[in-house]
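After this come two complexes, each holding chain A, first together with chain B and then together with chain C.
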Partner chain A sequence: MAHQAHSYHMVDPSPWPIFGAASALLTTSGLAMWFHYNSTQLLIMGLTSMLLVMLQWWRDIVRESTFQGHHTLTVQKGLRYGMILFITSEAFFFLGFFWAFFHSSLVPTPELGGQWPPMGVKPLNPLEVPLLNTAILLASGVTVTWAHHSITEGNRKQAIHALTLTILLGFYFTALQATEYYEAPFSIADSVYGSTFFVATGFHGLHVIIGSSFLSTCLLRLIKFHFTSNHHFGFEAAAWYWHFVDVIWLFLYMTIYWWGS
Partner chain B sequence: MAALGRVSRLLLGAAAATPRSLPGRSMSAAAHEAGGARLWKLLTFVVALPGVGVCMLNCYLKAQHKHERPEFVPYAHLRIRTKPFPWGDGNKTLFHNPHVNALPTGYED
Partner chain C sequence: LRQISRRTISTASRRQFENRVPEKQKLFQEDNGIPVHLKGGLMDALLYKVTMGLSVFGTAYVVYELLVASMPKKQK
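For the complex of A and B:
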């Protein structure tokens, strides 16, 4: 039987990276086809293939780690670096949209009436649903921490309860934001106010949905006994991502919702 | 800055079996690591969820009144239509609500 003289994971050849790249190409060109030529075929192919690649690639990682034991401490350390770098790159992504918001709101142009919010734009009251959403995300940060400690202490029942509560809070946030989007008296087409508001909060909402999906997968794995009390990096990565989503919301709330109203 | 310390502690602490604090929370020096889950469970039911409840009540009370809709003024910087939207008749935004969102020509209803 062959043995490796190092603690790294030499991954078996996999089709997912190139299929993932292909799905990215299909999706982006599909968006262009939809916007300019009123055709959704390519886009649907792109999104479908993207979903399939994600499911199968991550399924393979669970197989390699939980079932085949390839995730040594060294491998885990690399994954930690990776997740941190990824989250950092996402922070920079949002930084751009915050920059755009401040660019337009600190020096409102004459076309907007020289004021912020612009003339004719009635902003949402930050002390109503946005405040509730803040409480929800902060609460979910507490529950996910409870879940983590429960996992570390080997308390299965509490871990499941706490993680489920976290996910439910995430869904509640998403549902509330969706109704806010529908009830808002301003739209994305309402000057640069609408653009900055909906693009920033919209991408945030997408990240909440991604984070909720990540946490849901962790719940499924938790129930299926994948995690041990000292090896559960998938859960930790999901928790880090969730805290990141919470922090971005706090910045959104303080700047766009509160200062910007 | 504190986040950097927490992050490197998290990274280096990968081998340790001891429970770790996640970013955003600092445990008091007196709290035992073994009781970590109990503390966060307590915080969940005594602070976090009641906080959500209070905000829910606040929203419900505030929503009881107020239904006035601002009158339509055809400002040039609002309801911009540089290009039709790629759905429907191309004139309505994705979350269009006829009751509160006017079209470039005015409210629909």
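For the complex of A and C:
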């Protein structure tokens, strides 16, 4: 059997990239069909195939790393660069929505009554549930760091406890935000206030759900002995993403919830 | 690449979970030429076929719907 003379990972041929592209086509076309022709068939097909591709592609990466040993330090370095670049791109994504918020709120138009919050809009009290949510996410940042330290120290039981607590805090945040959305006296249709509020916090909530899913996958892998005390990049990536989600919330809280009320 | 044997976090806890990683490592390092996305067994092949079916059929369906949507509806 020939062995490679380099430390990079030449992957096996895989169908997931092209199927992923197909699922993106189905999902975007499905959205168009839903918006214009009230038909959800394509959208459902798209989202289902997207889920299938994600599960199998990431399953294969776990196989290539934990079971086949392909993730050398060189490969890991590349993955670290990749995750940092991805998170940076997400930061720019949110930057756009913050720009939109400041565009509308710094110079409120006459249609809004020349004030922010606009005439007739009763904003949420930032010292109530939003403050609790801030505390929850900050605490989850502590628990995920605790989990990381437990992993590097080889303490399996504590790592599992700390990561579980992190995930539970994430679920608690999501549940509270859901009730806030339900109880809010304003909707997305209530002028540009509603648009900026729900689009910015809504995308943030989606990222909390994505982060919680990533952490849950790590918990499963942690329980199944996939991580070693000095090689657990999947967990580190999930922790970076979670800290990013926390930071975005802090900006949301300070600007939209607090300054904007 | 030399096979790297991994030391896991702790010695196997007898209570609940046994460390099955070595078994998986043996399965996925078997020199049988099967690509990683099918190497786990029958379930892999099934999931692959379902995903492929959905993607291929879906793409054809999109092309059809685009053709229909781009044709003017004949009035009267």
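Definition applied: the second predicted complex is superposed on the first by the 261 of 261 C-alpha atoms of A that agree within 3 Å, B and C clash if a C-alpha of one lies under 4 Å from a C-alpha of the other, contacts with A are read in each partner's own complex, and residues count from 1 in each chain.
We take it that a residue touches a chain if its C-beta (ideal position, glycine included) is under 8 Å from a C-beta of that chain, and two chains touch if they have at least 3 such contacts.
A quick note: this is a predicted structure, and the numbers were derived from the prediction, not measured.
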Fit or clash - chain C, chain B, common chain A: fit
Contacts of A:S29 with chain B and chain C, given as first, second, both or neither: second
Contacts of A:T143 with chain B and chain C, given as first, second, both or neither: first
Partner chain in contact with A:V245 - chain B first, chain C second, else both or neither: neither
First (chain B), second (chain C), both or neither touched by A:L42: second
Chain B versus chain C as contact partner of A:H70, first or second or both or neither: second
First, second, both or neither for A:S229, with chain B first and chain C second: both
Chain B versus chain C as contact partner of A:Q158, first or second or both or neither: first
Larger contact residue set on chain A - chain B or chain C: B
Angle, in degrees and to the nearest 10, that opens at chain A between the C-alpha centres of chain B and chain C: 150
Minimum Cα separation, chain C to chain B, after superposition on A (Å): 13
Residues of chain A contacting chain B in one complex and chain C in the other: 155, 229
Residues of chain B defined as touching chain A within the complex: 7, 10-11, 14-25, 34, 36-37, 39-41, 43-44, 47-49, 51-52, 54-56, 58-59, 62-63, 69-70, 73, 75-81, 86, 93-97, 100-101
Footprint of chain B on chain A - complex, ascending: 34-35, 38, 73, 76-77, 80-81, 84, 111-113, 118-122, 125, 127-129, 131-132, 134-136, 138-139, 141-146, 148-150, 152-153, 155, 158, 162, 165, 169, 181-191, 229-230, 239-240, 243, 246-247
For the chain C and chain A complex, residues of the former touching the latter: 1, 3-4, 6-10, 13, 17, 19-21, 24-25, 27-29, 31, 35-37, 39-40, 47-48, 50-52, 54-59, 61-62, 65-66, 69
In the complex with chain C, residue positions of chain A that touch it: 1, 3-4, 11-16, 18-19, 22-23, 25-26, 29, 33, 37, 42, 45-46, 48-49, 52-53, 56, 60, 63-64, 66-70, 72, 151, 154-156, 159, 223-229, 231
